[in-house]
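Some notes on the structure that comes next.
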Amino acid sequence: MNARTVSAGLGVSIVGFLLLVALTAGWIAPHDPFEQDLMKRMIPPAWMDGGSVEHLLGTDQLGRDYLSRLIYGARISLLIGTLTVVTSGLIGTALGVVGGYFGGRTDDIVMFVITCRLAIPLILVALTVVALIGSSLTVVVLTLGLLLWERFAVVARTTTMQVRNLDYVAAARAAGASTPHILLREILPNIMTHLVVVATLEMALAILLEAALSFLGLGVPPPLPSWGLMIAEGKDYMFFSPWVIVVPGVALFVLVFGINLLGDGLRDFLGVSQRR
Amino acid sequence: MKPVLEIENLRVGFADGTAAVRGVSLKVARGETHCLVGESGCGKSVTALSTMNLLARGARRSADVMRFHDYDLTSLSDRDMARLRGDKIAMIFQEPMTSLNPAYTIGSQMAEVLERHRRVSRAKGLERAADLLGRVGITAPGMRLAQYPHQLSGGLRQRVMIAMALMCEPELLIADEPTTALDVTVQAQILRLLQELQRELGLALLLITHDLGIVARMAQRVSVMYAGQVVESGSAEALFRAPTHPYTRGLLACVPIPGKTPRDQPLGSIPGVVPRIGPGFVGCAFRDRCAHAEPACGGTVPRRTVAADHDAVCTMVPA
Amino acid sequence: MLQFLLRRAVLALSVCLTVLVVAFALTRLSGDLAVSIAGPNATSEDVATIRKNYGLDRPLPVQFVDWAANAASGDLGRSYLYRAPVSGLIRERLPITLGLGLSGLTIALLTAIPLGILSAMREGTLLDRAIGLVALLGQAMPSFWLGLILVIWFGLKLQWLPISGVDTWQGYIMPGTVLAFSAIPALMRLTRAGMIEALSSDYIRTARAKGLSTASIVLKHALRNAAMPVVSVAAVQLGFMLGGSIVIETVFALHGVGYLAWESISKNDFPVVQAVVLLLAMIYIGLTLLADTMNAVLDPRLRAG
């Protein structure tokens, strides 16, 4: 067991555990995450003075059970992370593969689109879109998905260029395979490992961005228990009860850390070398 | 006369357990060219780098004696060794294309040596650099000083490397395959230059090469290395007249001699490959490739004197 | 060199144009801008008045050309909310955001480069691993949350630093640190990789053979060559930091451009939003151009080519 195996294992365990929590939220959450009880507001976690075993992580400003909200929050983070990566992965991969495979003018256009995307301030545009269309889970996923594709495109483009001239692709072309066939059957499977590594990085980023948007009040709408929203709601109470922001923050941090560890592990395991 | 460089029983091992150098001894005197010959991977570059204390991290070096003049190189601190390098001992390398820093001008890289060891101003350093560039046969030295390495050809860069090595008038110059990467005509020019400089400055030159043609032309003394050992050493004259170790003889047979080697006869080549030398290796490392191998080659083979100033490590040499 | 920069400039200009279109299109996403401006309690008469007053009844292409032409001449329109020219509002607040971005970049470089160098020099050791782990931890830290935690800890518990405002330079420390956190991992990894490559190169062996001091070998000979990708990414990261300042300025209640943008977004003040999008994109484009130029200065081979 070397250090790399240990850290990859830790990543798998963290992500696996939180995935399990998200999937079984309905069974394991001790309370309804939406149920308010104004008589039981701001109860501290069980290990602090005034805490009780009934609410292990205490309650929020509306008396909702914090642990239950945290458990359902894992659902939101993972759902948004996954859906965003699927959306942006499709867009970025399509662009990158096309640019890398055809080269020339087509590639110039793809590079131009990537450059434009990088010039557009991400958070600002995402906030504006959500503000204009109205906040909902779908809007957040679509907005982030439409904005976070550039790393997929860059990696798909460079790896496609490397694969394009390999013998078996040339052979497929010589055998008269159609272009879509070559792209989907010959190129895509061979650049997949690189894309998987990018996907983990982007998923971590998407989760952090959703939290930031929700924190600014333009992400997932209340009363949904997004971790970013929980931090925003706890902000007014943080000076007296710091745990209201510490708890969801740590959850967010652990999930993103786990995904990054998993990504690093995948990179080592799949033998993907990545610059920058 | 006391040698400038004296090494006895140098051993270098790498972290993975390979023994790269196994008991190398050699001496280089003032004004003398000592050639270290052998195939790539035989440990000749490692010997040179360990003399300079420039081995990669993870390599371990030990020697009974490793002396430069009165400096004991085995006990010298890294700091003191750095003060010696580039000043009294200089080294040039095989790869002129990559051995100069692409980000700095030739002048800056040359002057820096004098600034470091002599504490002189940049202007003084550049002045000396220009002198030396002229000395190594570079025209318009003033212009070259302001140029970057990528603007120079390989041959020019190697001249720059040589000039840079001479900045502080070293007493010992170690040249590791200085002409291997160059065109044949440029090779001859660089070798001639080294010879002239040596005569003029009384340099002790340790020249590392795999090319016996260069040895024949340059060397006063020769050490033939095989698998981390000096298998035969002696004066160049004695060694070429009476090569004793089968490996040396094999090497000589690989070189065509115009007028002597018949045109229709195949050139000699040595079959087999160099074995990997682990920690517990005993016996002659050449025995698997040797036509004269006998059971005794599997035991410890002592170094024996062939003639005055000529010895070899082989069972065929009578005790 | 000149041709290279010229090509870059043409590219930059076309990107600017595209961003102009995007910024314009962005605010028309909702369908009817007048309805958004008027707010939920407005009558249809109010909406019609607004539509007329703001020129929103004209065809979209006309609106765009009008806006773009004005923007090109420096007139970014008037804020609905502040009833003042947008350019003035931005000019007033830009110093804070730039100060924030630059302090973030400074902190990031001062942390990432030494750590990267140290990591490269001790490659494969426990120290190298520990530094890598710290980078990974930093990457996972939600910046707004880190900001809040710093406020609680250093602002409130220890009372070392002001919790909001930038009346003194100390005010920049916490927000700058938070911004730096997001850039440090990438910059550090890049420095490390570049230094490992440089330190194992032939010219470093030459530098050592010349007897140069370790400081000169590492800081002069190796770092100069490892610096180029770091410069490029540092420029890009500064652009991202300015974009990310919208979150940090909200956390620390700093009235910079980011805060202005957030305010405008929440209050439907679209001329301001458009202008900030445009401004940040321009800054980003300018920064990448600057990085290209700096790399040409750093690498003599680029200068010739």
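We just call them A, B and C in the order they show up, numbering each chain from 1.
Following the convention adopted for this analysis, a contact is a pair of C-beta atoms (placed from the backbone, for glycine too) under 8 Å apart; a residue touches a chain by one contact, two chains touch by 3 or more.
Note that the structure is predicted; figures quoted are calculated from it, not measured.
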Select the chain whose centre, defined as the mean of its C-alpha atoms, is least distant from the mean of all protein C-alpha atoms.
C
Chain separated most widely from chain C, comparing mean CA positions:
B
Averaging only over C-alpha atoms, locate the centres of chain B and chain C and give their separation in whole Å.
53
What is the distance in Å between the mean C-alpha positions of chain A and chain B?
57
I'd like to verify one number: the distance from the centre of chain A to the centre of chain C, where each centre is the average of its C-alpha atoms, in whole angstrom.
22
Within the complex, chain A is touched by chain C residues 11, 14-15, 18-19, 22, 26-27, 29-30, 36, 129, 133, 136-137, 139-145, 148-149, 152, 156, 186, 189-190, 193, 229, 233, 236, 240, 242-244, 246-247, 250, 261-262, 265-266, 268, 273, 276-277, 280-281, 284-285
Residues of chain A defined as touching chain C within the complex
3, 7, 112, 115-116, 118-125, 127-129, 131-133, 204, 208, 211-212, 215-218, 228, 231, 235, 238-239, 242, 245-246, 249, 252-254, 256-257, 260-261, 264, 275-276
Could you list, by residue number, the parts of chain C that touch chain B in their complex?
201-203, 205-214, 216, 221, 224-225, 298-301, 304
For chain B, which residues are in contact with chain C within the complex?
52, 54, 82-87, 90-91, 93, 95, 98-104, 112-113, 116-117, 148, 150-151, 161, 164
